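After this come two complexes, each holding subunit A, first together with subunit B and then together with subunit C.
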Partner chain A sequence: MTRNITALVAHALIIAVLLTALGVGSLARDDAQGQTKFTGELERNVTLRILENDTAKEKGYFKELLDAFNAAYAEYGIVAVDANMDQYTDLEQDGPYGYGPDVLYQANDALMKYTDGKHIQPLPVEKLECYEQISQQAWDAYTVEYDGEEYVFGVPVNIQGPLLYYRKDLLPEGWQENWDREGDGVPDMVEYWTELYAYSRLLREESGGAKLGYMKSLFDPYFSSGFLFSYGGYVFGEGGTDTGDIGFSAGEARKGARVLRQLASAMNQDCIDDTVTVNAYSMLANGTYFATMTTPDVYTLFIDELAKEYMRTDGLDEADAYARAEENLVAADIPKLPASGDLEDRTGETVESVMMGGINGYAISAYTRAPNAALAFVDFATGYEMISRRNELLGIAPAREDVAEKVGGLSETINADLDAGRIAVMPSTRAVAQIWTPTQTFFSDLAKDPFRLPEEQKYLSLDELQRGLENVDAQIYSAIHTLN
Partner chain B sequence: MRELIKRADGRVTASMLVMGLGQLLYRQWAKGIMYLAVQAGYIIYLVTVGARDLFGFFTLGSVESNPWYGIEGDNSVIMLIMGVLAIIVTVLYILVYISNIKDVYATQKRVEAGGRPKLFREELAELLDAKFYRTVLFVPILGVCVFNILPVVFMILVAFTNYGGDIVPPALVDWVGFENFKKILALGEFAPTFFKILGWNFLWAILSTAINYFGGLSLALLLNKKCVRGKVFWRAFPILAYAIPGFITLLGFKFMFSYGGPINHYITEAGRQAVGFLDLDAKWSARVIGLLVNAWISIPSSMLLATGILSNAEQSQYEAARLDGAGAFQQFRHLTLPFVVFSTTPVLISQFIGNFNNFGIFYFLRGGLYIDGYFLASDTDLLINWLYNLSIDNNYYAIGAAISLIIFIITSVISLAVYVSSPAYRQEETYK
Partner chain C sequence: MKKRKPVRLGRTADTAVTYALLLLVAFVFFFPCLWLILASFSSSGSIYSFRGFFPSGYSTESFKKLFFDTAMYDYPKWFGNSLFIATMSCIFGTLLTILTAYCMSRFRFRSRKALMKTTLVLGMFPSFMGMTAVYLLMTQFNFINNHWGLILIYTAGAPLGYMVQKGFFDSIPGSIDEAARLDGATNFQVFCKIHMPLSMPMIVYTALTSFTWPWSDYILPKLLLKTKDKWTVAVGLMSLGETEFSRFAAGSIFIAVPIVILYLCLAKHLISGNVAGAVKE
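For the complex of A and B:
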């Protein structure tokens, strides 16, 4: 019996000793030394997987870009291909395991959430041709400080900021006399929110609700947060980096909330959910809505819908319908707000609207095996020619000021808005993901308020609005910090 | 085992020390070599990756990667998975080791009884005959270990780490014991949400299962009536509802009940104010709509099931009941219901579990809302929706895993309790 127990123990001991010795040995690690990846020497015969957005693919721009780059770098054997991944693919999930694209095109908040985990590579942006042509505000969206040193992680391509879209042919007869108090040739209702509010109410009253003025799904924080920012609200303190300081209720943001509530009262209940977002193209085209707010990249969708409407109702041929649509659909800067925060106050001081925006750009995965080739791609794609072409095909507002200046119009307006601080760029931190649902819930609640029974209305005073906004801040704070 | 250790001879001792040695001493060459190969294979596995993986399971890494400079470090999540795999391999090794000892001891007893050691081909023949179940189950069991047990164990273990939030690879994950469970049950903002959602989740699961089950049964009974003409035609309608992908149906219903949808269109046309059926004030109307939409999607499958079962009902029992003067309801209460419930108890349990974990209904009908008094959730969210909000939308994987574990415990306890106390289990022979 002793012999057998000894044999069993001996076997177990052999395995245990082996396990311990090898296990402990595996813990000993060499201190690895890192090297900078951007040596300037292009990797040869490599394939770069590029992640682009779906619109660039649909409109044929992405194919043009790939073809042009592949032709230019054929002598190095560098081939750029479509990464064939969802445009919102998560590098954090895929990158560490060897998957994911080499180059990514996404919005600044989507890209910059990867910096803490070191999933995207800091770039030597001063070496790029576009460096001098992009404003500091745009570079700031991609700049983060680590250990006292600033790193830039992305190259801005285009600026996203809201614009007011309205139908010029739906302006009232004789608007020059009645709705242009400065006589500057710009209708008051697209220059001041107070006037747009008054005109919206007028339209609704005169038509018995069949015609509406300004319409927007107000629950959408991307478009509604700007009203809070215009009166001193912000997302995170310290320039968007201090997630302990959440500022949707800061300053006099409550005035912006009151403006939103008043706007809702001039709309109908479709503004509470996403009905207006879905219907805006057709409703603006058929004249039910006079104006809405959205981003520049959907300009062509409005034109298409309006042209179809002209062909259907006025019997115009395609060319004439498109010409008329382009003439009548105006994308303008966001109107000014009353300093008092009361849309009934049509004669008081005004303040500039500050709207939430973003800057889309390219970043390079930290897991790419060809960082120099990837940088060459980014340099090529952000060059003057490709950005001009991108603007032509996609209607984006380029971050390159030379291109924006050349094309003028919306591009120049949006660049000017960014430079003047009228676009509040979404903070470049992963915590920004936590702001959407709490703000969406609040804006939805606010939009519904005018349609509640009088005794059930929650946001009648500025104090009540302030409490609502403070609750939003508290919810966001909890979402970010409670479980971390 | 005590007897084995007491009575084992030198050959068995040899196998205790080195696997397969005893078999070789009995001249069972093939089997001895196979056992020896298992031991050699395990040692090679330990030397190459096994020991590292097993140790890594406890440390979850010590060197952080820095992809910016190409510095490769430890990936805690991979280490956790590989660690679990190493434990599974070690457990399998121990089982083979025990079988090696039992096998050689059986041979010892056989020889002591005057027999001879079995030949390899005799043992192979046994594997195709008396021990055939072992042969066919070997590969599936291996598959279950790798594809079922490994992910489940991984999920359970994640609940005991701080994985999630800011701590995702390349950051190093650590063991935190029961910290996540404490947060769920004790954290000021968290615990009330958990209990509110749990209460609603139970109510939802019970109501939706009952509505779907009895709705399907009623429809099946109705369409089973002789007086109903064009049964095939009528049965096709629910099947159409069943055939359309669930999320399409849900998006359709969401549109129907939205402010711009057809229901509100008719309400406003009638001069009334539009109703926010699914908006943030709509706690109970949204819950009721959820129950009805779920019934729309699920009743057809219950109807089909009940139709199939009813076709096997013994008509002579009904005949006898009628002769004894039983009315329609009495026949239903004492004959139809026991018969159908008996046959469908396992399905009923699976429907209850499915409804308890029904993610789609409220995600599609009313997602994207956080209601006051709830932490990252709304008043229609079920635990599974909350789990999604926490682990996917907000990256709190460890907390999500802890909630999964709680859901798993709740659903498995209920399923087992209901099944074990059901006639389907206790009176298996009733309808045979």
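For the complex of A and C:
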């Protein structure tokens, strides 16, 4: 018995010694990472690990950025490198153990969830060159109030607002006569949801379902919530800070839900789940879909697919195919909605669409060993030149108003939409994580409704839609507050 | 006159039905593989441009991209990483499993039964139950983003499944050991010169299973490997973009290659071991 106990104690001691000895390194590293002050004095001979999104890498922008920064800061021995991680990597999981990146580029809701655990640090943004050029609405997405003081945790880079993507070469012949009632040179079907709905139904009927007009995964709350917001709905009250006030059913949001149901009836059952999100690139390219809605950052993916299609079917060379794709693929502002909330009402009053959006930006990890060098990188990457280049290569809508003004077009429109409140920025709070499942379930159920047998349909009246939305609010409230 | 053998209709029908059923089952299992192979040769690269169930055009572009377009998705590197982790885990895991099984089968010591029961119970828990603990331990060992961390986990976990091997060793008569010892063989010699050759089928089986688990595992590498240059094939393929289905299919086909090669190389040992000694000549 004594021998057994001695053996057990000896084993336990060996394990404890091993863990302690090997753990000392990690603990020592954690202490060193505690220096998070922005003193203005650049750390020398350090390597910064930068997390960027995959499109920036694919299109060569990230390499240009790293090369330019490294050349500019060579005298300090500061080297920025690709963190070489998944673009959605979780700093909360890896950061405390020293494996996360130093600088992160992600969406505002993803970045701001890190503020709870102090995984990212407040930045002296007023020292940055871009400070004056970015609108207050964009800064607000990264601002948090603690004990009456406001802290900014990220630097906005681009605005993610939905756009309507459509194929100009798929417009019906003679659309100027039949589909441009104002004669403004803009087809009605990309100006009004009522017309897009009518055109979608027409296309589907004429082709026997082989061709479709507007297609989108309606279960996706990021794109579908906007229809509710356009009629008075919202995520959280008090500008997105009051998680006790959930507003998906607020105002006349039910009208937006009815619009979604009508849109679903002009699509096919692929709109119920994620299918359209992943097949839209190919389906728009091969002409099965006429239009879809998505964010500006995937513009280049649509162009790639369309160019490939032209090369394959029309035998064009690469340069011609890309030129033709860029000419025919149009990214337009979101159409206007009928004030009545009925897509059959083609002559009534219209209201502006308010869509859910986000602000992608840079944040600095609280675990970085070189906060000043990291800040210098953020300053460099959000400078006029790099943001202009980013827009040029990736087609993003820059948060810098001077760049947006210079490039004009949709970049300027999206900035104007943000200023005018036509883009409802996702609240920068951890509670946002609780909105997705209940809303997805509801939108999925709603999209499925037109495909059910008549006696099984659940959302035929505005009252039924209202009850569905109130149920969503209740579920989100429970998810956020039950354990609090 | 020679009497003709009567045709037994029932037996013929039975054979025909059996073959038909077997062919149907084989087709059910083979069809997904065939579809994946055809999809990997799709010229469009996307699953959504298929004409009906099959690609509308074929090319080898996906395979070229898989191995040469490595700027975003470095498949050859991921393949090499998987091969290294699986090979090392296979070598160490097989060694530990066989030794554990041999000890439990051939030696009698105190707490043996208790140890056997404990390992049996521990082996029943799914490995992902301890993920958080594993992650924290690996951070303390500085084994995050390190292939040896994974090898350690796979190797350490392998002997928990020693019961099958122990059963095999139990079936080898103890009198063989006694005879060898009478001739002056040590324990190590008995193991190496008598049990090892007799246990070749079981060693091969153990090696194959020790290889396939780390080769196809997704959860642990996803948890522990942080940078893309350290990823395994399973993690890397899951990261492919939405428009890269053909590349995904091509990568999935190549996953099978090492396992097939390993099987072909070791199959003869598996079979010869099974039949050795079955017939007294």
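We take it that the second predicted complex is superposed on the first by the 445 of 484 C-alpha atoms of A that agree within 3 Å, B and C clash if a C-alpha of one lies under 4 Å from a C-alpha of the other, contacts with A are read in each partner's own complex, and residues count from 1 in each chain.
Basically, a residue touches a chain if its C-beta (ideal position, glycine included) is under 8 Å from a C-beta of that chain, and two chains touch if they have at least 3 such contacts.
It should be emphasised that the depicted structure is a prediction, and the values quoted were computed from it without experimental measurement.
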Open item on the list: So in the superposed three-chain picture, is A:L446 touching just subunit B, just subunit C, both, or none of them (first/second/both/neither)?
Closed with: neither
Task: Touching partner for A:A366 - first (subunit B), second (subunit C), both, neither - done: first
Task: Partner, of subunit C and subunit B, that touches more residues belonging to subunit A - done: B
TODO: Based on the superposed arrangement, let me know which partner A:A374 touches: subunit B (first), subunit C (second), both, or neither?
DONE: neither
Open item on the list: With both complexes superposed on chain A, which partner does A:V278 reach: first (subunit B), second (subunit C), both or neither?
Closed with: both
Task: Touched partner set for A:I159, first subunit B, second subunit C, both or neither - done: neither
- [ ] Look at A:D54 in the shared chain and tell me whether it touches subunit B only, subunit C only, both, or neither; answer first, second, both or neither.
- [x] second
TODO: Once the structures are superposed on A, label A:A266 by its partner contacts, choosing first (subunit B), second (subunit C), both or neither.
DONE: neither
TODO: Determine, under the contact definition given at the top, whether A:L128 touches first (subunit B), second (subunit C), both, or neither.
DONE: neither
Task: Partner chain in contact with A:G117 - subunit B first, subunit C second, else both or neither - done: first
- [ ] State which residues of subunit A lie in both footprints, the one left by subunit B and the one left by subunit C.
- [x] 4, 19, 22-23, 25-26, 97, 278-279
Task: Residue ranges of subunit B touching subunit A (in the complex, touch as defined) - done: 5-6, 8, 12-14, 16-18, 42-43, 46-47, 50-52, 54-56, 59, 62-63, 65-73, 75, 78, 97, 164-166, 168-171, 183, 187, 189-190, 258-261, 264, 273-274, 276, 278-281, 368-372, 375-376, 390, 393-394, 396, 399
Task: Interface residues, subunit A side, partner subunit B - complex - done: 1, 3-5, 7-8, 10-11, 15, 18-27, 29, 32-37, 92, 95-97, 116-119, 121-122, 268-270, 272-276, 278-279, 366-367, 430, 433-434, 436-438, 440-441, 444-445, 448, 451-452, 471, 475, 478-479, 482-484
TODO: Sort out for me which residues of subunit A touch subunit C in the complex.
DONE: 4, 19, 22-23, 25-26, 54, 57-58, 83-86, 89, 94, 97, 99, 277-279, 281-283, 286, 301, 304-305, 308, 312
Task: Touching residues on subunit C, where the partner in the complex is subunit A - done: 43-49, 57, 71-72, 111, 137, 139-142, 144-145, 226-229, 239, 241-243
